[in-house]
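The structures considered in this document are given below.
Okay, so subunit A shows up in both of these, paired with subunit B first and subunit C after.
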Partner chain A sequence: MAKKVALLTTNFFHPKSERIITGGAERYQVDFCRLLRDMGFNVEVWQMGDNWTKEFDGIKIHGVPANKTEYHTFPELNMAFYENAMAFDYSVYFILSLAYPLVHEKSIGISHGVYWDWPGFDTTTGKQEIKQEWLRRMGISLAGPQKLVSVDTNTINYFNATLPSFYNKWEYIPNYVDTDLFCPHEEDLTKDKIRILFPRRMVPVRGINETMRAAEILTEKYPAIEFHFCGRGHDDTIEMLMSQWAKKQERCYYYWKPFEMMPEIYQMADIVLIPSRSTEGTSLAALESMACGKPVVAGMAGGLSDLVLDGYNGYLIKPSVENLVSSIEELIKDSKKRRLMGERGREIAISFNKKRWDERWAKIIADVFR
Partner chain B sequence: MPKLTAMIIVRNEADRYLGRCLESLLTFVDNIIITDDASEDDTPELCLSYPRVKLYRQPRSMFLTDEAKLRRELWHYTLENKPEWILAIDADEFLEESSLKEIPYLLRQRNFKAIGFRLFDCWGSEDFFRVDGLWNPWLRGFSTYLVKYQPELESAWPSLKFHCGRLPLAYRQLIHYESAIRIKHLGWANPANITAKYERAIRQDPANKYMGHEHYESILWPSEKIETSKWREHLSI
Partner chain C sequence: MDNKLAIFIPNLINWDGEKQIIGGLERYMIALAEIMTEMGYDLSFHQFAHHDFSNNSLDWPVYGYQADSRELHKTIGRMEKATKGRVLYSSIVQQTSYRPQSICISHGVWWELPGSSPVQAQKYYENHVAKALEQAGLIISCDYNFLNVTRAIYPHLADQKIRVIPNFADSKYYYPRKPKNTDHVRILYPRRLSPERGFGILKEVIPPLLCRFPQVEFEFAIDTNKPEYLEIFHQWRENLTSKERILYCHPDYQSMPEVYAEADIVVIPSIYSEGTSFSCLEAMAMGKAVIATDVGGLTNLIINGYNGLLIHPSKESLYQSLLYLIENPSVCTRFGEYAYTTSQAFSRRVWEARWRQCIKRIYPLS
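Up next is the complex of A and B:
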């Protein structure tokens, strides 16, 4: 009989609505569940929710009414999962802090990147005693699972410097890209235009406000450039405001596209911006742009420095308006550099191929789930 | 490419937007199933002038007396024509042309069996849409217009005479993908029709069961009280 894996996350579905929050972590979850299924496991997912069960991509997702958070951990959800998933053979804690306080015997914890570099984290957890308690709980989260997997080296480095005794538990499996699906287009699709793409959710930590300002400055200065903002807002109002703003600008466009269409969107860009301020792992969007042969202007956050070498396949910047403008200008002015950096990005992306991700994960799963 | 079938209910549309609507639909759908609700003008002839349209005619009008029945019948006619994906649309609604390239991707993807869109009510002309109060297209959510036919789902409609929805209830409860393609609704675009539409709306819902009194009254607001925003076609991508 097939062995059963239970996966715990916080919000795949919005707890109270049908809206799916389709960010990188959610895509990762779908791919990860597919991999487990391909390896012969039965997988079910738990998250916060009002006692419902839904299905997505053939996987059952259970909502449990445990919404309380303390010190950025979810002990109520963790305990509800511990009891609910008792009949399962193995567990995956899809976010590290979900492994506090107690985990099943054979389990894996995953980090999608540091999220405590976000300024809002400091405003809620800034007091010394609160921070200490959060860190104590993180220590317990790391102690439980048999393996800890991180999508970037930044998370591992942070914990090795902070809670060093878990050194041997860590595995680095960076994010991935399907390099057959995301590949360069043979023709130059923009011709006499230069198209700059921001393929991100419209949220401050992703550098949206800095990018909008940079777009205003650069579109005024260079008649050939277009700015494309491609991604969802966190709510309807943000999408309305983005649309209203874009409408007022010259050559600025706001939309989003289904995942299946994204290779084409990247191919039609000349420069891709991933100007995150914080809460980054090894961004899927960055890897996909690189796989499509595009230079990337990335923020110095999380695991973006695992993907972008400053001056080699793009620029790694503190994403201020000024820095964005100057690094984009470098690329606007030099089509050879854009092409060269894009080619190098493609080469780097090949080492992040989805097949490698599958193999690395299969090995760890086989080690722990036996 | 999966087959896409549009289904529409029409009544006395010959002098309105039906011709344009069918022309626009036929650029991206495979066939169109139409129920004609006892039109008294040339609507049936207009429908039949398009070879990919299949027309079913009602002898007596039901839209104002039993909309649910009319919808159910159209659904069953559509199923008779072996659909794969079904687009439930009205004769005065247009998917914005600049984004139609997205449609094949939506039909080919496998994660979602229902697709939602935002509806923009053009007001007083085709170039402006209304944004005040409940008219704001950004803030009133997405509605499911496009679904993949699934024989295992029930075809039941709520037993409502009006505002009963375009699709069977089970389809409206599916987890849907929210598309950025906007639907341009021209039902309110012609100022000459607004009063008649208002009167019909309050006749159908005298107790304000479906919409608040203020929303109905806002139909007749003077132009200085109404907020609109200019429609700009998206860049074609």
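Up next is the complex of A and C:
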């Protein structure tokens, strides 16, 4: 009989509203469940929700009424999952903090990158004691699972520098890209225009505000350039404000596209911006731009330094307006450099091929789930 | 303001004040002192010692201050009293207080000793990192990892104070040489024998590899700073059956390119405490296939499967990765080529230009 894997996450579906926004972690989850299924496991998912069961991509997802968070952990949800999924052979804690306080015997915890490295995390946790309590609980989260998998080296190095006892549990499996789907276009699609793409969610931590200001400065200075902002906001108001702003600007455009359209969006660009201030893993958007042969201007945050070598396949910058403007200008002025950096990005992306991700994960899964 | 500037350093020469120390930090500071001298600063080095000394054998005076390794803070206190005006702190590990208009250098996260406790770790980042963030004018980090780890601990301070200037490979000396004409496969370990550099795991994987592959040989390019490490090395080597295929040498800085040139694979198996290692960068610049660990700044140099292998520092993964490269010479060639091209992004010229900017800003000359 097929062995059963239970996966715990927080919000694959929004617990109440119907507004579904697929981000990187959600795509990861779908691909991960497919991999488990291909390996012969039966998979079901648990998350916060009002006692419902839904289905996505052939996988059952159960909503558990346990919405309380304490110190950025979810003990209520964790315990509900512990009891509900007792009949399953193996467990996956899709977010590390979900492994607090108790885990099933054979389990794996996943980190999608550091998300506590922005000033707001300290402000929302408030006092230093609260952050200490969060860190203590993370220590328990790391102690439970047999294997800890991180999408970037930054998370591993952070935890080794703060909770050093789990050194040998960590495994680095970077994010992936389908390099057949995301590939360079044969022709130069923009001709005498230079198109600059910001393919992220419209949130401050991704550097949206700095990028908008840089767009104002650069479109005024260079008549040949266009700025494209492609991605959702957290709510309707943000998306409306973005549209209004873009309409007022010369050659600035705001829209979002379904995933199937994204290869083409990247192919149409000449320069891609991933100017995150923090909370980054090995960003799928960065990998996809690289796979499409584009130079990337990235923030020096989280896992981006696992993908971009400064001055080689793009730039790693502190994403201030000034730094954005000067690094984009470097690329605007030099089409040879854009092409060379793009080619190198493509070469690097090939080592992050989806097939390798499948192989690495299959090895870990076979090691732990037996 | 005058042009005098004191540099604090753990040890540029040994504690007896006689012999130059061979190491990354020391080379870094010599390269930096060269450009600062050219910019017009009058430099002096201040370091720990067995007894007070002053030494003029280098281009700058080096002053030793008697120190007890259990009470280094007392010696730092004496250095602080003895030096007036401007100070540059060559290592964030050395002290816990800083003059306001000063630069302090981080050579990578250093305290993540496996098996140490959260409380011990916290002492390090609170005593050293937090103090430097609060007091120093600027922290230069040699890798992105230190910045990112610091941001994750102190989200509101890290970006204000830290600037990343990755280490360099000097292309004047380090560049690919003609391929050698042997069918031997030489694996080079160009590091100290100290525990954090992973000699402990490397020595476990060597005997089975030598036994399995008669064409494989290992070379240790090691310093003689610590006689006790050398003794352990020789004891281990003497007891091996194929010890004639374990070579060793004690090169000075100038002869390192030749040592790399003879190698096919270079291993950097660090367990902890890594920045953007010179050894790693230079092996890359020489066009060698590098196996490095996913520790500290090594992650900012090697992209796994592109320009080398980036592994978890364990016996198992080190053995498997060496096996893979020994059996796949064409992969070695490809990694070496990409290692060379990526190393070009870490040029000495860029490093110097970035440093000059920072020095001008923090220590303006009238």
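Keep in mind that, in the parts below, the second predicted complex is superposed on the first by the 369 of 370 C-alpha atoms of A that agree within 3 Å, B and C clash if a C-alpha of one lies under 4 Å from a C-alpha of the other, contacts with A are read in each partner's own complex, and residues count from 1 in each chain.
The rule we apply is simple: a residue touches a chain if its C-beta (ideal position, glycine included) is under 8 Å from a C-beta of that chain, and two chains touch if they have at least 3 such contacts.
These numbers were taken from a predicted model, which means no experiment stands behind them.
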item: Subunit C versus subunit B on the shared subunit A, clash or fit after superposition; value: fit
item: When both partners are placed on the shared chain, which of subunit B and subunit C touches more of subunit A; value: C
item: Touched partner set for A:259, first subunit B, second subunit C, both or neither; value: first
item: Which superposed partner A:52 touches (first subunit B, second subunit C, both, neither); value: neither
item: Contacts of A:311 with subunit B and subunit C, given as first, second, both or neither; value: second
item: Which superposed partner A:118 touches (first subunit B, second subunit C, both, neither); value: second
item: Included angle at subunit A between vectors to subunit C and subunit B, based on C-alpha centres and rounded to the nearest 10 degrees; value: 160
item: After fitting on chain A: smallest Cα gap, subunit B-subunit C, Å; value: 32
item: Residue ranges of subunit C touching subunit A (in the complex, touch as defined); value: 109, 111-118, 120-122, 125, 144-145, 147-149, 151-153, 155-156, 158-159, 164, 166, 272, 294-296, 299-300, 303-306, 310, 312, 314, 338, 341-342, 344-345, 350
item: Subunit B residues touching subunit A - in the complex, by the definition given at the top; value: 99, 102, 105-106, 108-111, 136, 138-139, 141, 175-180, 229-230, 232, 234-235, 237
item: Partner subunit C, residues of subunit A touching it in the complex; value: 114, 116-122, 135-136, 139, 153-154, 156-158, 160-165, 167-168, 170-172, 174, 277-278, 300-302, 305-307, 309-312, 316, 318, 344, 347-348, 350-351, 356
item: Residue numbers on subunit A that touch subunit B, as the complex places them; value: 13, 18-20, 30, 54, 56-57, 226, 228, 232, 236-237, 239-240, 243-244, 247, 253, 255-261, 264-265, 268
